[in-house]
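Below you will find the structure I want to go over with you.
To keep things simple, chains are lettered A, B, C and D as they appear, and every chain counts its residues starting from 1.
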Amino acid sequence: MKFRVFSELHYDVQAPSTIILNVHALRTPSQAVLKETLTLEPKLPYEEFESQSGENRFVRLNTGKAKEVVIRYEALVEREHELIEHQKLTPVAVKRMDSSVIPFLFPSRYCQSDKLNRLAWKMFGEIADTYDRVAAVSDWIFDNVEYVRGSTDAQTSAFDTITERSGVCRDFAHLGIALCRALTIPARYFTGYAHQLEPPDFHACFEAYIGERWLLFDATRLAPLNGLVRIATGRDAADAAVATIFGAVTTRKMTVDCQPTEAGFKALRRTDLRDRGFSLDAA
Amino acid sequence: MKFRVFSELHYDVQAPSTIILNVHALRTPSQAVLKETLTLEPKLPYEEFESQSGENRFVRLNTGKAKEVVIRYEALVEREHELIEHQKLTPVAVKRMDSSVIPFLFPSRYCQSDKLNRLAWKMFGEIADTYDRVAAVSDWIFDNVEYVRGSTDAQTSAFDTITERSGVCRDFAHLGIALCRALTIPARYFTGYAHQLEPPDFHACFEAYIGERWLLFDATRLAPLNGLVRIATGRDAADAAVATIFGAVTTRKMTVDCQPTEAGFKALRRTDLRDRGFSLDAA
Amino acid sequence: MKFRVFSELHYDVQAPSTIILNVHALRTPSQAVLKETLTLEPKLPYEEFESQSGENRFVRLNTGKAKEVVIRYEALVEREHELIEHQKLTPVAVKRMDSSVIPFLFPSRYCQSDKLNRLAWKMFGEIADTYDRVAAVSDWIFDNVEYVRGSTDAQTSAFDTITERSGVCRDFAHLGIALCRALTIPARYFTGYAHQLEPPDFHACFEAYIGERWLLFDATRLAPLNGLVRIATGRDAADAAVATIFGAVTTRKMTVDCQPTEAGFKALRRTDLRDRGFSLDAA
Amino acid sequence: MKFRVFSELHYDVQAPSTIILNVHALRTPSQAVLKETLTLEPKLPYEEFESQSGENRFVRLNTGKAKEVVIRYEALVEREHELIEHQKLTPVAVKRMDSSVIPFLFPSRYCQSDKLNRLAWKMFGEIADTYDRVAAVSDWIFDNVEYVRGSTDAQTSAFDTITERSGVCRDFAHLGIALCRALTIPARYFTGYAHQLEPPDFHACFEAYIGERWLLFDATRLAPLNGLVRIATGRDAADAAVATIFGAVTTRKMTVDCQPTEAGFKALRRTDLRDRGFSLDAA
């Protein structure tokens, strides 16, 4: 399926600043960027670079003396996904886990899994099957955390959300990650464009490593799983913020869009999975 | 200078567990491991692997049915360091920073730099020179945080330590890292063997990126800078714990040692630097 | 029922200090102190005073130059309790609540009910009856928080315990109080002597205000409800610590005891209540 | 000096709710309420009551079916204050402190003095004189915490503010209280009307107990000390919120005013005190 993704960010610049942007569609074996353009107003010089582990495509730009900066990104992306039958999702013990996956077991800034151990095992420890366990985590978050715009901020972490029970997509994802890690299931942060997300915005989900596959879970259930285009993967939002700003810049406006370019998009949601895992990394 | 490093860990195992160890001396351009042996009692199978970014050498072992495990690591390491004149430590703006360094600006589990911004700039913002600024951070921690064994635990973070003002080497390092990152200076966690550390133990310090070099700072001042042998580098202790345990294992005893194998070791301490930076990565 | 209560505290004094002790059995309409002695070694001057609201009997003493202080308290206490039929426990709306009760709705140091609102209503909001609701809170804590000696310290609060799921009697009580207040049920901290508590120690429980009565709940279930002798009541442990120390004093040893002086004590536990409320304030 | 104080609160009511208001001028030996009116639209029944320790005058009202409630309070208040010479401010040791003052040494919801001990002594411990010490606390907050509207919320506490270094009057007061208590100086929360506060609002300050007097400190320096009219005193904002709401009510608008009714008001500020203490409780 092909998607046209688009984002436009208007910044007011109070002092010369450096912005590290993270809005490019990622290139992966199952996600091809067919065409893309990045436009800056004014025409500032910028540099693209990838994170060491290849899970982000950053753009670094320097505002210089500009008082306003408009960043416009547009891409045509072809993306596959895969539905995986439950019986193939054999859990991988830590002793056999691929070493690249191990760091996703460690706690991170917004996912203090080390503080959620007892709770996680108490709540989900009796579910024997790993996939069922993660699905239960995601469903529990959906059922018990309220999606409340503005109830949290950039400092809110899973340790807050498990108790305060409110947040936005980023908080839902962080809590899912923290609970998985506490259960010794590697988990990572996903950020991307999302078709049919209302109101349109960047979206965040989490991925859990089960049966040697990264499966995607959206505890908010706000967007169809097959309408997502990956921007970045990271330990948590600290690795994958839309923009990290060094200086004095404020966001004035933001527009985000994600549309299939072909007819016949059929939304695939949690309830359509019928016991199958969903992965954005098609085999 | 050559060092013989040694560590011995005695574990009691309550249930079959996986242990990820992080006690091997790292191999870097300025640190050569001339000889090393790892002995396990009983003779359990194990596997070595490196973290993706090559900054840890992990050993993963599975206890199987063993009730006790003794792990003994011994190595002969040759290590150089470099003293760098202050005038060469030209700061690097974010806009020119090597992209591999960027993640060390982000907040992490134990170094919530995002919450220390105002404080850091208020306290150290007026110091113009970057090296002086980091040195002031390290000195301030030494002067204002008490080294109190047992006052903190594995969940203690920089946000706690800045207020509670007590901790151990790990806490001193985390606070140094968090303050540097809040000041837009990349900083990372160092863990290693330390000569003359009393009582002998693994040690933790922090490194700050100044003038395209990683400079080492020991806010505890408990060990000579030139008596350190690097085990690992990471965002914080979550990346570089001596042992991460999946299962039910308790530490019964731990022995750590680090001795120069040649005569003539002259301890180099903070006060001996006389305005020069100290790096474990000799150019 | 009459009880002989006893406590002995050995302190090492590093510098002249003031100690505010809170070990005396409280005098209430349903708890009479028939006889009591307080012995200090050495014979330091001390002063008794009550808190403004009459819910603590403090002893203030000054160590002077003593290097060791032994405090021995012994009392014979006659205490009644009452079992109240469920149907009499009509809830009192805030609009009709006695004004003396209102402050027990407010958050306090260790009971941050303001942060537990959503969680409390999500978890217990569907239980219509107030007594059943508080019983469910207490039972949930018993079922989901592990009693682990040494897992917490004097700074641990309900906000920690709800997630970390471990603690001691004080933490169980704080969590019960915080959840009740979040549900608009006044709740307060109880500390006292406890018969059959193993190992013997001071005990902490919580009381909730239902049907114009303060009902006692022990989420730890470690002591019979009818084996308790009240020392103090407060918003939380900040009001009712066994000892608050101003200076440099360390506890060397502590002995606590509580025995009925008459034969025929029949332990009354949670499961014996059969839907009745238990109050230490007999009508 | 006489002041006319005024406040008007517009509430939107989503469901029948109980509101506990705290806007009445307190009656104290040095503050007389000469005339006052409370108007409710619609004419709802309400009840006045005082907190047990007489430091708040609460109004409890029930919205019933009203969809909007307007509360208007107006009073003519005569108030004295006293400037006390420094040499009279002899500190009172805990061993001699009036027992009513002791609870103001304990930590509370927003003033976790127990976590600020080392920091407080490290920062202010060398200042020998108690009044100078509290003045230094207040001045340090003024110099190091930024007044930023909207940077904090109702859950922000002194433990946050000491690190995050931003807040509003309530946060400044909480931090002052927490630091004083950590230094074994009783401290309490003051809320009141404030002349010349810009923009007009309710104000919060803190009082420290020195020389058997409660002295007032305004770490924000936003209002003249002699332009304040006391509404309430408490351990912290949990005791003295302008309104505590049980139900579903949102504030639509708030107007606050405080004007001297006589000519010749001469603002008295921190810098005018010249080493004298300021007390709202005239002897």
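What to note about this one:
Basically, a contact is a pair of C-beta atoms (placed from the backbone, for glycine too) under 8 Å apart; a residue touches a chain by one contact, two chains touch by 3 or more.
All figures in this text were calculated on a predicted structure; none of them were measured in a lab.
Least step count on the touch graph, chain A to chain D: 2.
Centre-to-centre spacing of chain C and chain D amounts to 30 Å, using the average Cα coordinate of each chain. The geometric centre of chain A is 46 Å away from that of chain C, both derived from CA atoms.
Contact of a single residue of chain D with at least two other chains is seen at positions 115.
If you draw each protein chain as a dot and join the dots that touch, you get one closed loop, with every dot joined to exactly two others.
All chain pairs that touch, listed by label, are A-B, A-C, B-D, C-D. Every residue of chain C that touches chain A in the complex is listed here, in rising order: 115-116, 118-119, 122, 144, 146, 159, 162-166.
Partner chain A is touched in their complex by these residues of chain B: 18, 20, 49-53, 58, 60, 62, 93-95, 99-100, 102-103, 105-109, 111-112, 114-115, 154-155, 184, 238-239, 244, 246.
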